[in-house]
Amino acid sequence: MKLLIINPNSNDEFTGLIRECAEGAASPGTDITCVSTPGAPPLIDNYIDEIACGPGMVKIMRENEASFDAFIVACTCDVNIDILREMTEKPVAGIGESSMMAAMMLGGKFSVIQMGPRGIPMKERFVRKLGFESRCASVRSIDPAGPGDMGDRVIAAARKAVEEDGAEVLTLGCAGLAGLDERTSRAVGVPVIDGVLYGVRFAEALAAFGGKTSKKGLYGPDA
Amino acid sequence: MKLLIINPNSNDEFTGLIRECAEGAASPGTDITCVSTPGAPPLIDNYIDEIACGPGMVKIMRENEASFDAFIVACTCDVNIDILREMTEKPVAGIGESSMMAAMMLGGKFSVIQMGPRGIPMKERFVRKLGFESRCASVRSIDPAGPGDMGDRVIAAARKAVEEDGAEVLTLGCAGLAGLDERTSRAVGVPVIDGVLYGVRFAEALAAFGGKTSKKGLYGPDA
Amino acid sequence: MKLLIINPNSNDEFTGLIRECAEGAASPGTDITCVSTPGAPPLIDNYIDEIACGPGMVKIMRENEASFDAFIVACTCDVNIDILREMTEKPVAGIGESSMMAAMMLGGKFSVIQMGPRGIPMKERFVRKLGFESRCASVRSIDPAGPGDMGDRVIAAARKAVEEDGAEVLTLGCAGLAGLDERTSRAVGVPVIDGVLYGVRFAEALAAFGGKTSKKGLYGPDA
Amino acid sequence: MKLLIINPNSNDEFTGLIRECAEGAASPGTDITCVSTPGAPPLIDNYIDEIACGPGMVKIMRENEASFDAFIVACTCDVNIDILREMTEKPVAGIGESSMMAAMMLGGKFSVIQMGPRGIPMKERFVRKLGFESRCASVRSIDPAGPGDMGDRVIAAARKAVEEDGAEVLTLGCAGLAGLDERTSRAVGVPVIDGVLYGVRFAEALAAFGGKTSKKGLYGPDA
Amino acid sequence: MKLLIINPNSNDEFTGLIRECAEGAASPGTDITCVSTPGAPPLIDNYIDEIACGPGMVKIMRENEASFDAFIVACTCDVNIDILREMTEKPVAGIGESSMMAAMMLGGKFSVIQMGPRGIPMKERFVRKLGFESRCASVRSIDPAGPGDMGDRVIAAARKAVEEDGAEVLTLGCAGLAGLDERTSRAVGVPVIDGVLYGVRFAEALAAFGGKTSKKGLYGPDA
Amino acid sequence: MKLLIINPNSNDEFTGLIRECAEGAASPGTDITCVSTPGAPPLIDNYIDEIACGPGMVKIMRENEASFDAFIVACTCDVNIDILREMTEKPVAGIGESSMMAAMMLGGKFSVIQMGPRGIPMKERFVRKLGFESRCASVRSIDPAGPGDMGDRVIAAARKAVEEDGAEVLTLGCAGLAGLDERTSRAVGVPVIDGVLYGVRFAEALAAFGGKTSKKGLYGPDA
């Protein structure tokens, strides 16, 4: 099986980290290709960045649709996933939705930890787009000026989510927080989800069982 | 006061119709400029089309932000409006949100009439994004193969919305249906809203009273 | 165009302030009439007050319906607006709904600032009646015993709404707070909406474009 | 125990029917007083009627508050119940809320049967005000021009609610349908609730156990 | 009239307290029988406990269905009530739903006070199952390590619910808190509901008026 | 990796079918064990059946918790899954939630096809428990007396879900419909999901990545 992971931004170093993580997550026999998006900004922080990724993502999809069995958007907001789903009948998974689905199988309510306050309303809107708002305890961001290193700041936000908001599971809401899942989990005592891992496996499953993106409705042909 | 109306597609004929409609709607002293989006598709039917409008809309905004008092997105899905709001502190109105707000001042529940079935799930998702789902009776589309001319088909869909779904007001959910509001209203006996009219006046009001796009939260600077 | 603004209470001094504000907001050519409600209490604080305004508002409407093009209820709870809509096919706007609609065009979520704690559950219920609850960050009230003048107390409540509740825009939820919008906005850094301004312009727009209160459904004839 | 049942309209014949029904429902030792509302319209069909009942209901409450242990609003929309709750610390029950609460103890979802189409959006809004919308299968109205007598028309609407909307229990949404509960229940095979019965017993229970209308929040003193 | 109250746990001492409370609440002429559930755990703290009560509750129902007029589940989560409703056409009331219904007749929003933090997500889920989430201000638990006796801890939690969450009425969310309603109410100044009282009266009413558990839908025969 | 699939009923023939399906779905290196539940009914049709499965499921879990890496409940209502999650820190997946999650990655809205009308309200309640109601177009059941064989009846219900309710993806809501996914998909032109397949792969993923059932909150220790 061949999976194409699309990093919506153009940061090759970051693409390398995603590739490494995804390769560790894939089942035997799964071949992982991970690409940066040409012409995209190096990081996605806002709606302009999101749309700036679009043309490159469309180009990647157009050139590679026939060569892969499934596709993964490697951004916790599943940037532009609707567009990719329009372009193919093959399955397309997002690491954002995958992380929340995994979280909902491990506890009643999850919180998402973002890199900065700007991400809070954007992620809240995304959670509502997915329809998962009744399972979402909160979206929190780290305090960029908080004490300690990045991991300490994530743990501080995570602790508030668990103690004040009732989070039972956490998801890391920004690829820039990758690698902090285990440390955070040990510190606050709840599972912490890294969406790349689950995105790979869910895409594998969809491809393995003949899952197709529906062409009735939201992703259908124009009419 | 100077308003810039951005037609997200590249169809100049259509831009002309919007301009005419908007000029008729504007208050005395309001200067209307209406532009097509360079590089955009001639019609917006799906998510790929939406993103294809993005770079051109960003370009328009970048070149014109300083010269106008307010901006209007002239598409009933308010395509890419979040991006424009990120780019300016000046007010940005959408004809989609404006049409629904007007409708909600004239009755308890509204329905939206789309050109084709593909538009139904896209518009339903947009209504939910706005948070107006409890005021929306239904989204209906015309039957493209129905008898009569386009107006007859709109009336047929409108009648079902009123009689079966409880719609008290209707909005035309596609710029391609412009000009059919009065005929439809006479036929089915409820108000029918054309969003361009209200978009112009709401943008005028926001600009007149010093309304600014908030830079805390969804449209704020990155952090 | 002739607009009738109905101040639901009987306080003539307050009616004068509304008139002044509305006249400043109206477009050229719009003629503003602003009346107090005979027999109403001087201030509206609760449900008894609301109903005590009813007979006077019905009387005003009965005597003036034929002479005006549109009507505005000048109370942030849009008191008895449903009754006025039943009595006419002409458009009726409320400054409460208008203020929230304006707010929703300037940011993702708004909060309402009330004069006292009693107003919180009443306004929350009103927001839910309008169906805007997913766009409402919170309803807050000032601390009547807080330090400083009324403006300082509004700013204190506004700051909490922005910093703790995620409000991106604020609306003043009580006519008694009129005039504090600009000071509050400067202090907390988000737009602050005064509903009278928008109510005038939205009513103008509805009247200008032939908008009619729907007589199917909620405001229809008895059956 | 002394209960005061307030028929919000001025129809004495109808008040007599409510009294008879309530007396049959009351527990031994409960003393029922049932009054028409002076100055109210003979029937309540719309929002104007609702407010026209207000002054009379306030007058009744003012004159009788000290003499009774609990109060009941005998209208399926619980007209002006908020006002009565503001006027007393004693319990006030509505036959509308009582009928839906009884229905929710007998099945998963209920439908309400109204006298005419105008009642549908008004009752839907009332259900949402109560927060019971996820338990409400539908609000239906009889076809005033349908075949047979009133009972046949109720049965026709009831059957659709059960077969098409998934109603498991029905409530009669208009006092004018009183007495049709058993016939309808036999015909369609689900429980049919008459709210007067339950309103009496729920008010008795609230009074018996010292239940008081809360004076924090919605019904509290002004502040 | 004969009511059977089923204490889902096996704690006879606790059953005695429920019986005493219920006998005080019943109307003249009502005969109360109150039984512990054989084979159930002594206290219900979690989902395993809930299911462990099931076989005993089924057994009680099977042996007693013919001999009683109505049934009451005496646990604030209405444990296994769906099963009992499947087994009979006679009415079955739960003290959990009854307590919330009573609360909603006394104020706009209620909070539930639980014995410990584990109960919070379980009760929140139960409130949502009932569909009452828009009327629920919060679910709070006492601090088991808080100062004073149990009553002091309940009062501390109750105070937070009223002051921070906007609760207007409280319900005791655990039978282990029985008897603390009046003390808590005096301390925090809002009504506090003990569900056993209302469960008895609501079941009486349902039985008195011929209320039957619907056999269409959720509790119907298999098909 | 060792997975234990628990068929909540006692039907060994059915357990064999699940095992066969699961073995085909598992990744290389995954060892599948599939057991019937002792003492459970042969089929689960209602709430009594659900609780009758409980003791056997608890027994299976107690005896096998240490020997497996993850657990799967093989019933489309995920019967008693909360109990299993309470009993272990290892991951527990349900085929019901898994089927809906897979569906939500392939389209905007899904419908569930049930064996009979009784299943409709039960499944609707389950969908709401999961919080997926805004993504669920409908729950439909086959017409048991419809023409043709079982497959024809499923196709008839599926077609209505797609054409009348807007379903973009379908899930089979009853294990008794297993094997009809491909035939139905070909007939109605949308993806049809069999939850067993996805349950296996999602459980594999959770176990592979160290996913643990959260012990804060819903599945935590008593407190």
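All chains are identified by letter, namely A, B, C, D, E and F, in their written order; residue positions are counted from 1 within each chain.
Note that in this section a contact is a pair of C-beta atoms (placed from the backbone, for glycine too) under 8 Å apart; a residue touches a chain by one contact, two chains touch by 3 or more.
Here's who's who by UniProt: A, B, C, D, E, F = Hydantoin racemase.
As the structure is a prediction and not an experimental result, all values here were calculated from the model.
Shared contact partners of subunit A (Hydantoin racemase) and subunit D (Hydantoin racemase) comprise B, C, E, F. Because subunit D (Hydantoin racemase) and subunit E (Hydantoin racemase) carry the same sequence, their contact can be compared by residue number, and over half of the numbers here are used by both.
Simply put, of A-B and A-E, more C-beta pairs touch at A-B. Centres computed as Cα averages put subunit A (Hydantoin racemase) at a distance of 42 Å from subunit C (Hydantoin racemase).
Separating the centre of subunit E (Hydantoin racemase) from that of subunit F (Hydantoin racemase), both taken as means of CA atoms, is a distance of 31 Å. Taking each chain's centre as the average of its CA atoms, subunit B (Hydantoin racemase) and subunit E (Hydantoin racemase) sit 50 Å apart.
The distance from the centre of subunit A (Hydantoin racemase) to the centre of subunit F (Hydantoin racemase), with each centre set as the mean of the Cα atoms, comes to 25 Å. In subunit B (Hydantoin racemase), the residues that reach two or more other chains under the touch definition are 108-109, 120-121, 125, 128, 134, 166, 168, 217-220. Every pair of chains that touch is listed here: A-B, A-C, A-E, A-F, B-C, B-D, B-F, C-D, C-E, D-E, D-F, E-F. Listed in rising order, the residues of subunit B (Hydantoin racemase) touching subunit F (Hydantoin racemase) in the complex are 120-121, 125, 128.
Against subunit A (Hydantoin racemase), in their complex, subunit B (Hydantoin racemase) makes its touches with residues 45-48, 50-52, 54-55, 58, 80, 82-83, 85-87, 116-118, 120-122, 125, 128-129, 144, 217-223. On subunit D (Hydantoin racemase), the positions that touch subunit F (Hydantoin racemase) within their shared complex are 108-109, 134, 166, 168. Looking at the complex, you find that subunit C (Hydantoin racemase) touches subunit B (Hydantoin racemase) at residues 25, 27-29, 91-94, 97, 101-102, 104-109, 130-135, 162, 166-169, 182, 189-191, 193-194, 197-198, 201-202, 204-206, 208-220.
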